[in-house]
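The structures come next, written out as structure tokens.
Okay, so subunit A shows up in both of these, paired with subunit B first and subunit C after.
And then the complex of A and B:
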């Protein structure tokens, strides 16, 4: 057994963690398990793909990939715009569906609705783009050795770095900024937060924007290192929930730690028992956490 | 004209098999408030159990016991019920949304097992040659469909009467009491987790039965039949019909399956053959939007839950002696 699974698991885990941050925030602040989160990941990837293609078509000269990476600057610009678009999509969903149900105060009905919306969202992608996988770039990447028999591609390294930056930024936002503190207050006690004058509606809007943007980032990373499919996000849903619950609902460091654990466990599992049961590994982890410590590693609330 | 009757019978057989799944989900969600997103998994367990018990022996995989179809259906209920019991024992004490996530994971895992254990389930190729009821009539499609409709109709009726009686029994009232206020039910000496487990097992058994009914009507099963879209269809049926109401479960199944078939016809008429895969995706979008609209506009569904109380309460205020 080589140690290559560590590198693969780390990259996969970083993406899972990024997705799980958005999930854990919406879970703790809006108080429902949002099944559409996986599909926001797919939509983010497709937004980026469409925007990057448009930018590419508008340019007259040939594009060179950036440095050692497989993608050019249009993907970077498109990714940033797509993060905004995905955030807006999440806001739109909240406006037409979740917000209205929330006012009736039944969290489980919101889960049912999100389950339906999730299927509609990814079927819409399938309708527009078919279920054929597609790619940001057809450039081949040479993986270079980093020691101990582990090889990693420049793209993967870049994704790891980007995930790190986003996590630190999220942590700072939640601990140092006014809106971040407001978000944590609403997550702990919405009624009390309202009493002390926190604008709960604004907190909810911010949560959706951030959740959508991070989902998009995870989608772009997944698209760059694996492929883009309408089901890419939905297939990630179980690892996302496993990561969020493993880390403790509402905890950003927990989500990223949970993501890394799930990612590395999956890669190790693939190496030990084959890729067929990959999706079941996250599920086993999830069950184990729920049975042993339902609050997760960093969580406080049951 | 005869074609139309034949199609009508074929349509109703499928719709009623969904109605049985809906009745199962109604016990779990409608009566007890258990949010099961793994419906497809329990349907799959039933279908595969019955297929293994009743098919002729096959060299490439385990089983093929050539038992009668009835034995297969009973086996399906036991298999799916057992599976639900295992899942329930582990997960029912968790919060409702955790139950949703774990049942979702169970369904994914069951589909993975169906796909990858070639020696048990035939893997991606599925299981064929599942004996069909009234196979002797297969030469005459009309008689075949009608006979099957009669059979599935009787099975649905038995299931309906059984769950309806259960819902009106003291047992059913305990389920609703737990759904409405767990602490109050526990204070009256009812063990919520035990009742939840019973409801979950019973619902799972009905789902397994429906899976077996479908498998024997079609004669062939494959892992692709049991994807999350199936779970979603069943949820749409129950919500449209009115959760908590057994009539609603049956009506919802027929209505939604009717809409599904109609949009299917429309799609195949509008889109050219090479675009059919896309059209199917659009069909799912339509059902998803419909579910969301019903939840927003008419959360009770078509029929909605009716108040079910003890007959002593209806008779008057006097308590039974």
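And then the complex of A and C:
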């Protein structure tokens, strides 16, 4: 057994963690399990693909990839724009669907509605882009050795760095800024949040924007290191839930830790047991943690 | 004394469901600098009344005025900006946040310099909290938690502070110090509207009291007069006069 699973698991885990942050925030603030989160990941990747293609088409000269990476600057610019677009898509979903159901106050109906919306979002992508996988770039990446028999590609390293930056930014936002504290307040006690003068509707809008943007970032990372296809996010949904619950619902450090644990455990499992059991590993871990600490690793409440 | 009116509810009808009003035409007036106590048996609608004033329970008829302005049906998070602070009975602090974060968040409507000053003022007023500023509120004792909840309310430099049963769940000794604190807060110029089950302790610091029953006004009197009226005590305060040391729970 080589230690390569560590590098692969870390990259996969960072993406899972980023996706799980958005999921854990919407779960704790809006109080329902949002199944469309996986599809926001896919939509984020396709938004980026379309925008990067448009930027590429508008250029008159040939594009070179950035430094050692497989992608050029249009993907970077498109990714940033797509984060905004995906956030707006999440807001739109809330406006036309979840907001209306929330007023009736039935969490089960919202979960089922999100399942339906997830199906519709996914089918729309298949309709527009077919179910054929596609790529941001067809450049080949050479993995370079980093010691202990582990090899990593420049893209993977970049994704790890990006995930780290986003996680630190999220942590600072939640602990240092007013809107972050307001989000934590609404997640713990919406009635008291109103009493201290917090506009709960504004907090919900911010949560969708941030959740959508982080889902998009995870989608771009997944697209760059694996491939882009309409099911990419939906297939990640169960590991996302595993990571969010493992880390403790509502906890950003918990989501990222949960993501890394799930990612590394899956990679190790693929190497030790076989790829067929990949999906089962996240759940075995989840069950084990929930038996020992039902609130999750970083959870403070149930 | 209407010129000194600071908070008033006028024939208020309110309830969680539009067709099932819990408050059925209640009128109260609070004057500047007063401590007004709302008493009444369980289910009288005391809590619903102050929640309706705070904007947390829908009002279907009647008006609420704060400092001469109509605040009927203004959303709860906007009412705070007008200087009305509310301390709920339970779940009244953010347990996952530190003492400092609770105060900081509650004072977010103040400019930073005033907010800082107000946090220091709260630490002077509640020395127990000053020693625990970086502890999570969930780790505080019941009494300290209640002090934090009151400090949280005071963070906005309120015109009126409304409290829903601040003595609930506190030991007799803590009830004493809690009410002593409220009297001290009134001295600093804050008007207080208080819902209480512990009628004896509340009337001891209050100026006037309203007795509610079945969602309606039943009685209004100066606190002293009410405390010494055996009929009222027996009918509406759960036999308070007969049980001098006891809690006023029916």
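The working rule: the second predicted complex is superposed on the first by the 302 of 302 C-alpha atoms of A that agree within 3 Å, B and C clash if a C-alpha of one lies under 4 Å from a C-alpha of the other, contacts with A are read in each partner's own complex, and residues count from 1 in each chain.
In this section, contacts are C-beta pairs under 8 Å (C-beta built on N, C-alpha and C of every residue); 3 or more make two chains touch, one makes a residue touch a chain.
Just so it is clear, the model here is predicted, and its values are computed rather than measured.
K.L.:
Let me test your reading of the model: by the given contact rule, A:290 touches which partner, first (subunit B), second (subunit C), both or neither?
P.N.:
first
K.L.:
Could you look at A:200 and tell me whether it touches subunit B, subunit C, both or neither (first, second, both, neither)?
P.N.:
second
K.L.:
If we overlay the two complexes on their shared chain A, which of subunit B and subunit C does A:37 touch? Say first, second, both or neither.
P.N.:
A:37: touches no partner chain.
K.L.:
After superposing on the shared chain, does subunit C or subunit B touch more subunit A residues?
P.N.:
For subunit A, the partner with the higher number of touched residues is B.
K.L.:
Considering only the touch criterion stated at the top, classify A:189 as touching first (subunit B), second (subunit C), both, or neither.
P.N.:
second
K.L.:
Given the touch rule stated above, what does A:113 touch, subunit B (first), subunit C (second), both, or neither?
P.N.:
A:113 contacts subunit B only, not subunit C.
K.L.:
With both complexes superposed on chain A, which partner does A:241 reach: first (subunit B), second (subunit C), both or neither?
P.N.:
first
K.L.:
List the residues of subunit A that touch subunit B in one complex and subunit C in the other.
P.N.:
None.
K.L.:
Quick one: in the complex, what on subunit B touches subunit A?
P.N.:
Counting only subunit B, the residues touching subunit A are 33, 35, 37, 90-91, 94-98, 100-102, 104-106, 108-109, 112, 115-116, 228-229, 232, 235-236, 239, 277-279, 281-282, 284-285, 287-289, 291-292, 295-296, 299.
K.L.:
Mind pulling up the subunit A residues that touch subunit C in the complex?
P.N.:
My answer: residues 178, 181-182, 184-185, 188-189, 191-200, 300-301.
K.L.:
Which residues of subunit A touch subunit B in their complex?
P.N.:
Residues 32-33, 35, 97, 100-101, 104, 107-109, 111-113, 115-117, 119-121, 123-124, 126-127, 130-131, 234, 237-238, 241, 245, 276-277, 279-280, 282-283, 286-287, 290-291, 294, 302.
K.L.:
Which residues, counting only subunit C, touch subunit A once they are in their complex?
P.N.:
Touch list, subunit C to subunit A: 54-56, 75-78, 80-81, 86, 88, 91-97, 101, 104-106, 108-109, 138, 152, 156.
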